[in-house]
Amino acid sequence: MFSIELDEGVRLFALEPHHAQEFHAHIDRGREFIGRHVGFPDRATDTASARRLLEDFARRAAADTGRMYGIRADGVLVGGVLFPSFDARNGTCEIGCWVEPAAAGRGLVTRACRVLIDWAFHERGMRRVEWHADSANEKSLAVAARLGMTREGVLRENYLHRGQVQDTEIWSVLAREWPART
Amino acid sequence: MFSIELDEGVRLFALEPHHAQEFHAHIDRGREFIGRHVGFPDRATDTASARRLLEDFARRAAADTGRMYGIRADGVLVGGVLFPSFDARNGTCEIGCWVEPAAAGRGLVTRACRVLIDWAFHERGMRRVEWHADSANEKSLAVAARLGMTREGVLRENYLHRGQVQDTEIWSVLAREWPART
Amino acid sequence: MFSIELDEGVRLFALEPHHAQEFHAHIDRGREFIGRHVGFPDRATDTASARRLLEDFARRAAADTGRMYGIRADGVLVGGVLFPSFDARNGTCEIGCWVEPAAAGRGLVTRACRVLIDWAFHERGMRRVEWHADSANEKSLAVAARLGMTREGVLRENYLHRGQVQDTEIWSVLAREWPART
Amino acid sequence: MFSIELDEGVRLFALEPHHAQEFHAHIDRGREFIGRHVGFPDRATDTASARRLLEDFARRAAADTGRMYGIRADGVLVGGVLFPSFDARNGTCEIGCWVEPAAAGRGLVTRACRVLIDWAFHERGMRRVEWHADSANEKSLAVAARLGMTREGVLRENYLHRGQVQDTEIWSVLAREWPART
Amino acid sequence: MFSIELDEGVRLFALEPHHAQEFHAHIDRGREFIGRHVGFPDRATDTASARRLLEDFARRAAADTGRMYGIRADGVLVGGVLFPSFDARNGTCEIGCWVEPAAAGRGLVTRACRVLIDWAFHERGMRRVEWHADSANEKSLAVAARLGMTREGVLRENYLHRGQVQDTEIWSVLAREWPART
Amino acid sequence: MFSIELDEGVRLFALEPHHAQEFHAHIDRGREFIGRHVGFPDRATDTASARRLLEDFARRAAADTGRMYGIRADGVLVGGVLFPSFDARNGTCEIGCWVEPAAAGRGLVTRACRVLIDWAFHERGMRRVEWHADSANEKSLAVAARLGMTREGVLRENYLHRGQVQDTEIWSVLAREWPART
């Protein structure tokens, strides 16, 4: 029902369980590229498992502890942004993103992240938004930098993905560092 | 994050548990007027019970069995529309609405209902949208008529509200009767 | 343990999960006939799924929101009656019935329905008992008429069953219309 | 809906949550007498807690792990019988009883127990029905003896009730010892 | 993390879900011997079902209603002891044991039982510890006797195991009969 | 039942719900000192809330996602160590500690942490153990340093406690950095 225009023909919307088929088709197209650094594509291997993943986020949205959004370009789901965690009482959350190769390089996820961070700071009164990325994922680190985030540290050997251990960089931006709503 | 403009300065958005305080204040202003025919204002008597009501709908949204939306006019929550039930497998749902007196008579809920029915038919592939109203609630019946719905029957002595028994009119509109998306 | 004689050699009793095998055998015999208009035979395709259906009703009986009863003629389960919904707080419920062909035409379900309606009005203080039927199910409509119910309306394209859309007639009888207990 | 006549004007029926008020009034009348040896009266101190106790048994009935029945004499609830445990897979269960003073000494609970044991053996195929009683509860032990049960042992210091420790006698009757259904 | 030395090279420790593989291998070695009289080996037929059994006990430990412990001799899991039931409010519990053939006859389970009974009486303030055994299981009855327990009775035809019905002996020891902590 | 000696008269053991009264008394003595930097003392304000906190950890222990241990010196609970999170699949966990003033400065929590880290690395095969501390909590940072951990970064404005915002330092030690078991 609701969406926000990110660019001409590109819209951000809340991903829900009834998008399972579309979501699975998108993940299938991008599995190799998206799954290189992050884990959730490996949890969505068919429509049923894609639906379970979206249902998991639907329950977290209902509990205000996580949310997932999709990006459609010319009517095709090409990527998304998410709050993997959201702690309204403490005032902190994490955001993340993914995109399939065909839509990479257009700045779509950066714009989508700005929408989420705006909402977190201006509508929800959050104090801190975090970014976690594989230290070998240069594109993800570049998004954090473009968002004006500060690099706070590197968690060594923090994440096991497809049998490989990743270091995780943590970046963040604080409410007082984020531009006021215009 | 998301909203749709219904009229100048009037926006429709998904009501969530974090709106509990704003929702309770609105219900308090409209309790006498809104609660005359429908039951939920009596369940939202303070911020905590308002939050429980919104949490109930958040869980139903996550399960795709019900949803609740608010209408803000000039930044103030003045009413809303909802799917009290939603059965995607069967292709049927019910919609309803409420408004506080200060915002009544401007056609806001009718417009909001059109947005929901459009979504039900065009995005979710529903076949039938129902309307239930106290047969003494002329304003509610007028909305159903304005939406082009058909009166299908009257359930006698169907609903007990504040110690009084109401007859319930059932109206509906079918997908094949609804204008194509322009 | 408990049963009520409906006719010579015919008894009404509460169906429970431990009747799963007998229930499944009965549904299997009547699947074609019973399943023409109603959905539950398609949910009971073996003893395990029959048990799940009965367990679902057992939980609803425990919560006082639904109940299911069987009819045995000469020791064989041949049909039943049920409360698909029961709202004690609001004073309303729905009843329904089914029968396999071998036992049809003897008025057994009508008698069983009378027992349930008596209980709903006289022991539980309900105000309204509803009947929902496919408008093409003449036998079901005839039972409603025999029970002295009033036809209140037709919900168009209300129920999707085996790929076909049914209109649903709603009939009801009110406590004040039902004969006093003799 | 269902009941069985135990004696003239005396009927056995399934106790359910909607009997909470009647059940609480009965327990209140018999609290001193019934509660001398058994614990549940102390859990039903008002209508709400009586309802919770009945809801607990309703869930156990739905799961086929316990059941509770009432005895009404001349329309007044005066006692009951129960399966505190029921293990259909293993073929064993326990039964128990209680009665308020006004109805004691008429053999009502013994008759009610026979109905339950008949059902356990003849309809449910159980192999063994147990009886647990405070070794100081002569009336309860007498019921076990009248039912033809065998005393199997005494569990020393087995049950803490109102600050006192009771020894518990265990009696039982086996299916092969119980009269065939006539 | 924690363990207690029972004998040279023999230690008692809390069995947890992460021991599923080791537990299953042990049960497999002892299935014929252990499963002759008790039921749980038949529930642990592969690592997944072994894990579910341990998870069940982990939840019961968290709820303080049951616990399971393993015995490792020279680093190999060879048997264990358990509280199949534990009722802290009432002050009573049951203990049991099992051992694979290679480790039988060394008194390990008797020592392990003493540790559990010590804990039950001295740290948890229990009043009564029970022992249940198949009356044909001479080794189990001998352990009860060695622990100084008293034989209280025999439950006839009490337990169905692998299609055979067992009589169950109940033994117990009371806190006042147990040696003071030295 | 189980414990490990940390020093003469000082033992480490698993904290469980049945320790609620002892735990609450300890927290009460140390509330001002312990609660300066960490949040859980504010959740244990009486025996009932202390029990709920311990029950929460008992469920997390059963699910292998967190654990809590106490330290008794001369029979008095004076502090503890915990795994606030534990992810066996990913091979990472966090540890933490607390101590009441009377027992501070003796190195007890450092020793207890070593026991937990040993277990995590040597028995559970974890790869990384984390430490989170308020950057103003010099004593906590000193423990991390004494454990040979590496400071990996500072999360700015990360934790809201008693109305104040804390920066959080993250330290860690990896399995390959930890001494082999002797």
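A, B, C, D, E and F label the chains in the order they appear, each numbered from 1.
In the analysis below, a contact is a pair of C-beta atoms (placed from the backbone, for glycine too) under 8 Å apart; a residue touches a chain by one contact, two chains touch by 3 or more.
Here the structure is a predicted model, which means the values were calculated and not measured.
Annotation of subunit A and subunit D: not jointly contacted by any chain, touch as defined at the top. Common partners of subunit B and subunit E, by the touch rule above, are absent.
Taking the mean Cα position of each chain as its centre, D sits at the greatest distance from subunit A.
Here the CA centre of subunit A is 32 Å from the CA centre of subunit F. If each chain is reduced to the centroid of its CA atoms, subunit D and subunit F end up 50 Å from each other.
Annotation for subunit B: no residues touch two or more other chains. The touch graph of the protein chains shown is a ring with every node of degree two. Starting at subunit A and stepping first to subunit F, the touching chains follow one another round the ring as A, F, E, D, C, B. Taken in their complex, subunit A has these residues touching subunit B: 1-4, 13-14, 16-18, 55, 58-59, 61-64, 88, 115-116, 119, 123-124. Residues of subunit D that touch subunit E in their complex: 89-92, 127-128, 130, 150, 152-160, 165, 170, 172, 174.
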